[in-house]
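As written, the chains take the letters A, B, C and D, and residue 1 is the first residue of each chain.
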Amino acid sequence: MTSTFSSAELMIVNSARMLRDGDVVFVGVGQPNLACNLAKRTHAPNLTMIYEAGVIGAEPSRLPLSIGDPTLVSGALSICSMYDIFANYLQRGNVDVGFLGGAQIDRFGNINATVIGNNGYAHPKVRLPGSGGAELISAWANRCYIMTPHQKRRFPEKVDFITSAGFLNGRSERDATGVRGGGPLAIITDLGLLEPDENGELTLTALHPERTAEAAIENTGWDLQVAADLKSTEPPSDEELRILYDELDPDGLYLKRA
Amino acid sequence: MSKLIPLSEAISKFMQDGESLYAAGFTHLIPFAAGHEIIRQGKRDLELARATPDLIYDQMVAAGCAKKITFSYMGNPGVGSLRIVRGAIERGEIEWEEYSHFGMISCLQAGAAGLPFMPIMPTGATDLEKANSRIKRVVDPYSGNELIAVPALNPDVAIIHVQRADINGNSHLWGIIGEQKEAAFAAEKVIVTAEEIVDESVIRSDPNRTLIPGFIVDAVCHVPHACHPSYAQGYYDRDNAFYMGWDEISKSQESVQSWLDEWVYGTRDHAEYWEKLGKEKHKNLEVEELLSAPINYGKY
Amino acid sequence: MSKLIPLSEAISKFMQDGESLYAAGFTHLIPFAAGHEIIRQGKRDLELARATPDLIYDQMVAAGCAKKITFSYMGNPGVGSLRIVRGAIERGEIEWEEYSHFGMISCLQAGAAGLPFMPIMPTGATDLEKANSRIKRVVDPYSGNELIAVPALNPDVAIIHVQRADINGNSHLWGIIGEQKEAAFAAEKVIVTAEEIVDESVIRSDPNRTLIPGFIVDAVCHVPHACHPSYAQGYYDRDNAFYMGWDEISKSQESVQSWLDEWVYGTRDHAEYWEKLGKEKHKNLEVEELLSAPINYGKY
Amino acid sequence: MTSTFSSAELMIVNSARMLRDGDVVFVGVGQPNLACNLAKRTHAPNLTMIYEAGVIGAEPSRLPLSIGDPTLVSGALSICSMYDIFANYLQRGNVDVGFLGGAQIDRFGNINATVIGNNGYAHPKVRLPGSGGAELISAWANRCYIMTPHQKRRFPEKVDFITSAGFLNGRSERDATGVRGGGPLAIITDLGLLEPDENGELTLTALHPERTAEAAIENTGWDLQVAADLKSTEPPSDEELRILYDELDPDGLYLKRA
């Protein structure tokens, strides 16, 4: 079956819609960056974007290729040191939203970006890049969103290593750690949305157009619960797609036209 | 008393086998020229620390300079994996010590401030803490709650690339200023490489821009384009093609070795390396001028 | 969305009786205009914190605005005693909390960083620690040694004077930048007063100069010459004669009262206060231009 | 008796001579500032002056009247925040020399700048300005020098309050605190020099020209010991006095010509 919308389109557009006007967002490059810029050009003109390299309020004239791209710096509102961006912005509670990804995301929204394999940390089968800012974003941003393709190997029952805390073994366990942020509010996949239930377990709460609950269940490593009031996400609008393709990624660096 | 010396002399004089190094620059002003000179001089058993090892430490590890690596994000920024360091860790060929970005930078901050540790608020993620015994707990004397503690990092040597410095090492930096100041104050010895050597009067015209005072600097080296394939804000662009190309080169030890042979061992110094990149590359990385609005300090 | 409002509105909206205040500026950019407006509006029971109370808090204490003062050096800088605050403490008329400069600034730094405390190396002097129960000890988990701990200071309101800001509160500061950034991030509400309101493009032309981002600011007020008798680097000089004169004025409650009557209660706002100082004083405090060398950010 | 040299001349010139070329000095305004500038123009051209307001390498074009004087800023080498000046410079050990003063200095070089009187801290007879940077300078500068007129009320056996640690009750007690700095190396008075003996007790080690040990003993609140090899300081030279009066304080703000 050929879909009307690509996976990237669905993830970016639905992530953009999670953002509220006035949000301060801690953002990386790639799809989260596109989602933020899309939100800013539609319903959230007062969005402030913060990059972990210490850049606040960037207005890049080209699509940034790394979080330290010089195009983020020229014409930005403010630049600060790495200590300050993590301390005064993130740890202090000045960040509303963080975007996360990772090699593995488990049933309780815990993320692994460190090591794959059962031999433990000291003898990694696959060594991943590690935390970077992720451990801190997941702990201290008021709200977190995770963007990821919906694949069984990415959604194990339990991650091999917790790089970033979701709800640990349940919401009460996260609460007990005393972290200031609220944890993952939604996982935006190319099939639909997973949101934590009252216990912090990720459940399927919405499907994208032309996507099925069966596909989601099949591509999840745990016994995925489906919300009683399963919703459908609004299809990406022509305007959203126009902004993405014509304004934000005209050279198709992150988005390939179907 | 001028501290201006050639980079080769600075490295041979101030960077010894077995010492620890923090080559600073978070995604910006990464001192590649100094890294290459360390490779050329065949330094061994270095303890390399950087938040993001980036290609500079991938190359130094490939060249056999390192016995240990300390980091918080071991990726090729914007590209993917950092193959050499990753392979060395997977095969157990190198020691490593790992933090989150804030953990790593808090180690440097403690080192810079003359403190033995820095506290960090809880993050809920304890697997790294279990794996790295250097990460400890400290009790907040006000609430009785436990916080995370990370130890001071005081490298033997910090290498800092700056846009402009005077011959005494007073340095102006701008754009992304990640952890250069912290690394310089944390280290026992400081080597500054600079795009431009300027008269002291230029530095004194804008003292708020001087993040590194000369009196903590041991050597100043004039090395234009020292950051390639990283960049210097306002001087040249990031060579993204190289970062992507390295992903290919670093797939085999052979191609890495031949790259090192051609570009590092095969060049006398960074000037020759830059020349060898060729006019077209130079032109691609050129950047048009965009000046800051001046400020008035006033004559008092 | 513009945050530009008159200073009187900012004070009445964001500074409430009984709240704590940090009017920032170590010897420079001291926000006298805002202090005077607080006096005019008859605010009461404020908890005033500043490393150096300076004349601004001496005047606010004299006007009966304060129930408590937190400080680290209670003198008239370059002159001698700060008579009003000193008298209030000697007579037991005001609560106070005292630190060393580094203790005080570490409280703010903890507050800005979202930490409950900051560690400080031992100083050997323990009498203040005995007198101030907020100063505690914390055990370094690496050496087992005891360090000093000071608690986070998170004032309800910070008032920060800056050289230039845009209407959203993004602020450029230069010259002595004591603790403005730390105070702004530590506080719950931030009022910025500015010598100049500039277009956002001026701020964006030099993002490294922006110590305070607009999104943490609640109100921006255009108040030229707001720092008299303190100064704004590049805009006007310190009025040393006033600092010396205050030593005389503050010798009696009567002369202080008549000074307040004439210069604070008797003026509608800071523009009128400044006008009243007269042309000759304006001329004495004028400063000749001395511009910074520009830097190039580059068009990318 | 009319002296050839004024008290201020003797204190400033002898303080200047304590400084070594290349020293990094944490300095205030007034006499210590004059001493540093005199040293810089004579035997210590590579002196770096640091002000607690965060100014490094000032080259003031007029005599600064407060530590935050704008003339210190224009043309300085570097400016940093207050946190950084105390942490990265002083606490880190980057400061060679600190100058101190105080209302009371006792037998072991402890300084009181906080409260006078026997009713304790909470009920001060005379409330002084307090520590400012003094507690930290006395702890962390490698060497400290104290400039003070030699007066009995300034030199009590024991200070009422220890704002800045000298040798506490003896050198071994300071050593036990783990402070990094070496403590007061000399007290430069208008009569001579007091230096700590092996136990940290301040003893008279040198007299200025025309000054007597008797005067020093009489003006000290403890039983002042006189060094066996009591020295005489060199008289201020014509060149030193010329620099002070003609170059550094031509308007006589701190120095009055005899």
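Following the convention adopted for this analysis, contacts are C-beta pairs under 8 Å (C-beta built on N, C-alpha and C of every residue); 3 or more make two chains touch, one makes a residue touch a chain.
Predicted model only: the values in this text are computed from it and were never measured.
The interface holding more C-beta pairs in contact, when A-C is weighed against A-B, is A-B. Per-chain Cα centroids separate subunit A from subunit C by 40 Å. With centres taken as mean Cα positions, subunit D sits 29 Å from subunit C. Rounded to a whole number, the gap between the C-alpha centres of subunit B and subunit C is 36 angstrom.
Residue positions of subunit A with contacts to 2 or more other chains are 55, 69-70, 73-75, 79, 87, 91, 140, 180.
Subunit C has residues 114-115, 120-121, 145, 174-175, 177, 181, 205, 208, 233, 237, 287, 290, 297-300 in contact with two or more other chains. Contact annotation for chain pairs lists A-B, A-C, B-C, B-D, C-D, with touch applied as defined. Against subunit B, the residues of subunit A that register as touching in their complex are 29, 52-55, 65-70, 73-75, 79-83, 86-87, 90-91, 114, 121-127, 129-136, 138-140, 161-165, 168, 174, 177-180. Contact residues of subunit D toward subunit B in the complex are 24, 46, 48, 55-57, 59-62, 69-71, 73-79, 84, 87-88, 91-94, 140, 180. By the touch rule above, subunit C contacts subunit D in their complex via residues 26-28, 51-52, 71-75, 77-78, 81-82, 86, 89-90, 92, 98-102, 105-106, 108-109, 120-128, 130-131, 145, 174-179, 181-182, 231, 233, 237-238, 240, 243, 287, 290. Across the complex, subunit C meets subunit B through its residues 114-121, 136-143, 145, 147, 149, 151, 163, 172, 174-175, 177, 202, 205-206, 208-209, 233-235, 237, 287-300. Residues 1, 112-115, 170, 181, 185, 200, 203-205, 207-208, 210-216, 297-300 of subunit C are the ones that touch subunit A when the two sit in their complex.
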